[in-house]
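Going by the order they are written in, the chains are A, B and C; count residues from 1 in each one.
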Amino acid sequence: MKFLAGENIPELLEKLSLLSEVWAPRELRGSGGTVMFERWRSGDPLDLEHFASLSAKDMVLPRTEKLFGFSYAFGGAAVGNPFGAPAESAGGIPATAGESIRITAAEPAGNVVLFGARACDAKALTVLDALFDQTDGKGYNDPQYRARRAGLTVITLACVTSDPACFCSSFENGTAEKAGSDLILYPVDGGFLAEAVTPKGETVIESGVNSRNKVGSARGPGDSDPETGEAASGLTLFEESALETPVLAVTAKVEGLEGLRQKLAAIFDDLEFWQAETEKCISCGYCTYACPTCHCFNIHDEMRGDREGVRLRSWDACMFHLYTQETSGHNPRPTLAHRYRNRINHKFSYYPENQGEILCTGCGRCIRGCPVGLDIRDVLRQAVECSASPGEGGDR
Amino acid sequence: MAELKLIGFLCNWCSYAGADMAGMARMKQPGELRIIRLPCTGRVNPLLILKAFQQGADGVLVSGCHPGDCHYNEGNYYARRRLELLSRMLPAFGIEPERFHFTWVSASEGARWADVVTEFTGKIEAMGKA
Amino acid sequence: MSDIVSIIQRVLGDVDLVLGWTATGAGGVAAPARFQTAAEAERAVFNATCVHNLAVHLPRLKDQTVGIVAKGCDSRSVAQLIQEREIDRDRVKVIGVRGLGGSIDVRKIWRFHGYGVPVDARTDSLFIDGKEVDRQEFLRQKCLGCRDMDPVIYDELFEASGSSITGIADAATVETALSETGLGTSLTAAEAMSAAGEDESRPLGELFAKMNSAERRLFWREQYSRCIRCYACREACPMCFCRDVCIMQTTDPHWTGAGVDAGEAEMMQLIRVNHLAGRCTGCGECERACPVGIPLMLLMNKQNQVIEELFGYRAGTDLEARPPLLTFDIKGDSRSEK
């Protein structure tokens, strides 16, 4: 494996930022110690110790994004199709007589290198891929998501420590999970061992090996460079190393997740159970927004005046009353208990049933940041216990 | 310099009529202020003013009936409290308090209206764009 | 002196449920709980990590009679809810906590000692990972300026017999905006912050007080850019009981757009400040609940201070008082005539 000295990280990020945006965790000023993935620019500090308050899903499913802009135009000609359909098929959409709607595509997302994600963040990207990027042709392809995902390189920091909110070991590979990462950095004395998981990850290592002028050139980092004379003179951030990879952290394990689907089904109608579990919940959306796998969104047309506007896609959360509010006024999930029941069931029952994967990677953000100290693991444990003794549902 | 965006919230019964009078009398006054007519300063939700600033207004003027003269008897008394609080809060929001002005102009005070607008516009002009 | 468990058990004789705390919240600190039976109430605790303002649950429990454990600050929220006729005085039994000596900023502990570190936060001493530390250092910022050590209203009294808070500022010096949120250690490109402050370890409120309007605007833009619109600030607020019909989320009227950015977040907070004028009791739950650490109390404290100066009014301290913006004084307000 290759070794990257800790002190060389800023130089590596510097090189990477010539070709891509670089995002990395940083403690934000005036925020009471909040750490978030932020756009990294030369000289910015890093916080690789604390866990970021929000997951990396912002990189592929931003909290808000413009899908396209639109305006009404009198006597306008053709309408552009933001999704890249052939020009000849993009006919004008009639509004009223003599009007047409002009559509302008959003600017394409640039390449991003995400530095300092954790295994749980990276794994979650593959969970989202299964939903937004169904390239096998059976389902849904989200053009915005795919563009961002294709341009994203994930450099993961392997976890040698964890905190009591972590519970990734409840799922398959835990801290050793490699899915979703392009390059994994294992902390060792004085730096990191780098393991490229994908060709994108190898590109990162190559961009560290090659010379400074090389990275800035128009050539791809993998191409050979006629001026390598200078590169060979020692600008090598990644050195060969015989060091062993460190022992990774083992996090808390929630038992009984197997067959949880049936257990949840058994207590679905036990509203008393769900009321008891949510008695302290205040129905904010932090748990869903911090979650690396929650992916619900809402689409709004935001008008400026009455002749132009933008179509926005923004995060939405099932913990909000308005999430299922119908136009008639009826709300099929009228109380917190109904909404939380849906949150748990979607993660651990419906979604696994439909997509074959649990919507949770055990990152623990919903636990650490909950304003009222609600622990999703307690709810799961209670669900397992409760369903094991049918008939005693609400009486715990 | 780009044109200033000044918003005026005027009550229908006094200040709007006062402004109308100034216009009818062809009194000279600057033209940057865009007037929005409301039934009463009691209708001026402070959020209207904050939203105006947030959307890029360079100055906001509120004018209504003199205390004691409110068409609805007490609307401007409520407004007086709300807007005093607002003007004290503006610095905390990061808005220069001088960009907001709250005053009284009656229907017969066309000349006073012209003075108020001239002075307010001049002040914001001197401050520049927000 | 009665312990909290037996007080709750006694109150349960009169009400359907009691709002209190158990010790079993995430991260090993207290979390809110509801007790309906004497057996359930055995799990009740009271310690200095009982930071939550439980009054937030009262409007949702209007069809029940409710007991509530309330610190001095929380009791003001209960009083304000009664004052606004949101809840009925006869249907709520307040277990007031007296002499707490301030509660603990758990996030500050987690920030410096790691999430979930064992904390024993008594009302007069603080142990982190078994070692006693200076309790004062980890008190919530708002507690340092406490003016509500005694509950405003109560039916039962729980004596917490805590340590006294040293360095409590008197009312006059609890001036410009105190905020829980301290400064981070890292530097960003915030011109506003560097313009205003030389010492980063000082409370944010002090730096904020020194900024001019332009610096504050930059400051807020940077702060609001973190907002994810989770509405935790609103949901944690006992006075934000409109909740599901809040104008922050409606499209008609369209006060805020649907996007998530600094501009929309700013409008959201302007709405909150405005709607809480003369109603905010300064409990600090909005700022505590904010998962991205936006120092919202800078605005709320400032407004509460201005309202006290202008109208001599503190929300939730007098059940009979008329909120200052729902009335006027023909002569007394003339100072503001321009």
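Please note the rule applied: a contact is a pair of C-beta atoms (placed from the backbone, for glycine too) under 8 Å apart; a residue touches a chain by one contact, two chains touch by 3 or more.
Small disclaimer: the values here were computed from a predicted structure and weren't measured.
Trainee: Going by the touch rule set out above, what shape does the chain contact graph take here: line, ring, star, complete or other?
Mentor: Its topology is that of a line.
Trainee: Quick one: which chain's Cα centre is the longest way from subunit B's?
Mentor: Comparing chain centres, A lies farthest from subunit B.
Trainee: For subunit A and subunit C, let me know how many angstrom lie between their CA-based centres, rounded off.
Mentor: Averaging C-alpha atoms per chain gives centres 31 Å apart.
Trainee: If you average the Cα atoms of subunit A and of subunit B to get two centres, how far apart are those centres in Å?
Mentor: Comparing mean C-alpha positions, subunit B is 47 Å from subunit A.
Trainee: Quick check: how many Å separate the C-alpha centres of subunit B and subunit C?
Mentor: Taking the average C-alpha coordinate of subunit B and of subunit C, the gap between them is 35 Å.
Trainee: Can you tell me which residues of subunit C touch two or more of the remaining chains?
Mentor: Within subunit C, the residues that touch at least two other chains are 219.
Trainee: Which residues of subunit A touch subunit C once you look at their complex with the stated criterion?
Mentor: That would be residues 26-34, 36, 38, 41, 44-45, 47, 50-51, 53-54, 63-64, 163-165, 279-280, 282-286, 288-290, 298, 300, 302, 312, 314-315, 317, 320-322, 325, 367-375 of subunit A.
Trainee: For subunit C, which residues are in contact with subunit B within the complex?
Mentor: The contact residues of subunit C facing subunit B are 177, 213-220, 255, 263, 266-267, 270-271, 273-274, 277, 298-299, 302-303, 306-307, 310-311, 324-325, 328, 330, 333-334, 336-338.
Trainee: Using the touch definition from the top, list the residues of subunit B that touch subunit C in their complex.
Mentor: Listed in rising order, the residues are 45-47, 50-51, 54, 67-68, 74, 77-78, 80-85, 88-97, 101-104.
Trainee: Could you please specify the touching residues of subunit C with respect to subunit A in the complex?
Mentor: 25-34, 52, 56, 107-108, 110-111, 114-116, 180-190, 193, 200, 204, 207, 219, 222-223, 226, 228-232, 234-236, 243-244, 249, 251, 257-261, 285, 288-289, 291-295
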